[in-house]
Amino acid sequence: MELFGIFIAAAVINNFVLIQFLGICPFVGVSGKLSSAVSMGMAVTFVMTMASMVTFLIQHYILIPAGIGFLQTVAFILVIASLVQFVEMVIKKVSTGLYRALGIFLPLITTNCAIMGLCLFAVMKDYSFIQTLIFAIGAGAGFTLALVLMAGIREELELADVPETLQGAGITMIVAGILALGFMGFAGMKF
Amino acid sequence: MAKKQVSIGNEFVKGLWDQNPVLRALLGLCPVLAVTTSAVNGLGMGLATTFVLVCASLIISLARKLIPAQVRIASFIVVIATFVTIVDLTMKAKFPALSKSLGAFIPLIVVNCLILGRQEAFASKNNPFRSLVDALGMGAGFAATLTVLGGIRELLGNRTVFGVQILPDVWEPWIVMILPAGAFLTLGLMLGAANLISRRRERIAVRMARAAALNERTV
Amino acid sequence: MATESSKTSVLGGVDEGHLDLVTSPHSHFGWSTGRIMWTVSAALVPCVATAVWFFGFGVLATIAGAILGAAGTEWLVGRLNRRAETIPDGSAILTGLLLGLVVPPGFSPFMAFIGGVVAVGIGKIAFGGLGDNIFNPALVGRAFLQASFPAQMTDWSHATSRVDAISQATPLGLYKFGDPSQFAGDIATQKLLLGEVGGCIGATSSTAILIGAAILLITRIAHWQIMASMILGGLVFGGIFHVSGIGPSPLFHVLAGGFLFGAVFMATDYVTSPNTPVGMWIYGGGIALLTILIRLFGGLPEGVMYAILLMNATVPLINRHTRPALFGAK
Amino acid sequence: MKITLHMLATLIVVGMLSGGGLSLVNDWAEPFIEENQRRVRDEAIGFLVPGGAPEQAVDQDGLTAWRVRGEDGTLKGWVVRYAGTGFQDTIDLMVALDPDRQEIRGLKVLDDSETPGLGTWIRLSPDHQAALAGASDRYLEDAVGDAKNFPLQFFAYDEGEHLSAEGDLKVVKGKPREQLGPTEVQSITAATISSVAVVDIVNEAVLKLDTILAEQGGA
């Protein structure tokens, strides 16, 4: 039940994109088309899960025992960057279909603050390994949810007569604002 | 180098409007939205980011000929992360209140695509002086945008700007402005306004050019 | 300039062009937008009447503030962009009226005005005007007010009330934070049917709302599937939780708060709801489920507004997946 | 081969410079950071139970408690620090108790992410602090009915009006001050959840301290 709470909190209550403002760049950049939104969401969820596990181990078995907590930022960003490259290589070898679906999004993920933010938050909240894992999956699901909703809306808006000055990023921000208002309904949710 | 060089002044000014990282290039939006609940927070975040950007640009353009292309990104990231950590530790030590209200978004400067983007696009290809000016311009544009956004949100949401009360007590604060939804809506409208202004400017520029051409002909 | 004037003519034809494109099921009745909007407004008259009866004439000031904000914004933007007059189609006035009916009695007319401006300005015009908006404009305005002025939006004490009980907390508020026994059994149902309870201006009297529902269904302006799926969903999901020992009776869920008002007047807005029958069932059921989850497990006593806004966001996806495949398409 | 060596060397040099530089900065910053944390903590304790020196009595299961003794060694009170779930995120707070741990003498929220302008009324504002420091007595008298003065209810403003630390506190709505019982706390208007969260954390902290002290006493 506690793990379910962590999942729901990460996915909707404190939605990474709409409430915590993490991963806004891909949110604006990749939400134009539904198909790419789904792929991006999957790629981010996958990397988040991997990165959260690796950074958990680094934090608790290297940085803390060695007393070099101040190297956290440097260590985490290096781990995430090399992890993304590694995942890209593995996927390329294992499955061309998967690579075609996710491949082009992987390099974009290195500077996706959602990944880095997730790893930092998991450490700040002092989560255990399992909790960190669930937190990562929940955050990834929330990211995907926001991205897919936004992509559906933006495809619909292609037919709309949106004022020229607001087209693109402007209307995306306004839709995100209204979505954030809607997500406020989940505030304080407890099971 | 046969390429025509842009003047140093323009190298600085372009970051303020034409290539404004937030309003025109949509870079580094996460901190833009997250920490701009007040003008002070916006300015603090803007200055911290500028510091990292300037230092990283300077170091990287100095070392640009020593770093092999293959490990370029990795080296950039380490340099950036180092300066981010310096900012983080300094703020924790000397400005604990600001550090607390900016929270995790200080370490997250490391993934601000603006910084890595400038290294990739500018500092690794230009001399230190030019890179410094470019970084200062971009940083100033970033900080100014954050301060304005923070100021608008603080004014409507809390009646104050930089902690000084501006609106009278009868004004009921719009709490939504300091909530996530207010951040998105305000930035959305700001982007719209920026588009409007730059289109006006373009139109005026076109008209001026046409007038000038006409003038020449009549003379 | 040339492009702008051509746009004017498209809009001057009051959006039927858009409606035909987006929501083909509506094309079978040839009513103009104006006639639809005014009929919906007429269907709201019973709600306004009971509101005045229970809460006094003061509510009219609040409603007027909201209408002024909504219609004023529509008029001003139309003027600035030199577009054709869109006030007579009644949609902005209807948005204002709906917004005015879903705030507490005694709510400041000036704040209602702000809500109206946001509803039309951000909820509708930013998306390109009527027919292009993704979210229900009145609810965008209300969500903005709820987030901006949470204390005033949950203050039920300013009603100049005919009956004492209604200037207190809402039934849902009592259920969540107060003494649930005050709203149990047949008396509660009777009060809820009449509207003799605390709550938003136009949303307390179930009977008045149902009269409005009858008007909308007889004139075939609203789709019965959306109302039916939402109410049925409320009964079923509320019932499942009730049977497992969580929450009040399913009837209470449907009659209390803004559930019925939302089902009849907000969810059925034809621009922001799905356009296939299957989609409508998914949409209505989704709203009901989200509402009940927020009411039972969320921090707030009421969740209809959030549920409708969130399901509005899923409408493009629902339409996409329930649209019958085109002949010749894969 | 040469390129590989060059790459490796670059990375090692960059890494070493970064690590070395950061450890220098860290050595400089760490005392300040610790000092800041200690100051925040000591100021809070000193504010809640004035005129004494804290000694740590318990540090177990996320709960920290201090005995505060006066100069002559008499026990002046207890301060308990505990955190729990709030509306958005964790609320970290300190509760002050009388020496016998039967009454609640104060409350200070150290960290929270509640809704600005609403749930944030759980915090002590500068006005509250001034009032409690004796700067304005009238304010204190008039204050308690107002939702914006939620935390003041936890302080003793008159003998015999302290909240009880025996038995769970309960949040009530819309009761006049005279009718409030010794375990009843008036909720913040429109922020019932934040109010309930604070009261729950206080209840749990008091109960947990009792349990831990009983175990220690028994062992």
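Letters A, B, C and D mark the chains in the order given here, with residues in each chain numbered from 1 onward.
By our rule, a residue touches a chain if its C-beta (ideal position, glycine included) is under 8 Å from a C-beta of that chain, and two chains touch if they have at least 3 such contacts.
Just so you know, these numbers come straight off a predicted model, no measurement behind them.
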Averaging the CA atoms per chain, pick out the one whose centre lands closest to the mean of every protein CA shown. A
Chain centre separation (chain A, chain D; CA means) in Å: 32
CA centre of chain B versus CA centre of chain D: separation in Å? 36
Any idea how many Å lie between the Cα centroids of chain B and chain C? 40
Tell me, which residues of chain D touch at least two other chains? 18, 22, 25-26, 87, 115, 118, 193
Residues touching two or more other chains, restricted to chain B: which are they? 74, 78, 81-82, 85, 89, 175-176, 179, 181-182, 185, 188
For chain C, residues that touch 2 or more chains besides their own: 122, 126, 143-144, 147, 150, 299
Chain-level touch network, classified as line, ring, star, complete or other: complete
In their shared complex, chain D is touched by residues of chain B numbered 37, 66-68, 70-71, 74-75, 78-79, 81-82, 85-86, 89-90, 92-94, 96, 100, 157-158, 173, 175, 178-179
Touching residues (chain side chain D, partner chain A) in the complex: 18-19, 22-23, 25-26, 85, 87-90, 115, 193
Of all residues in chain D, which touch chain B in the complex? 3, 6-7, 10-11, 14-15, 17-18, 21-22, 25-26, 28-30, 32-33, 36, 40, 111, 115-118
Under the stated contact criterion, what part of chain B meets chain A in this complex? 26-31, 33-34, 73-74, 77-78, 81-82, 84-85, 88-89, 104, 107-108, 110-113, 116, 176, 179-185, 187-189, 191-193, 195-196, 199
In their shared complex, chain B is touched by residues of chain C numbered 108, 111, 114, 122, 126, 143-144, 147-150, 152
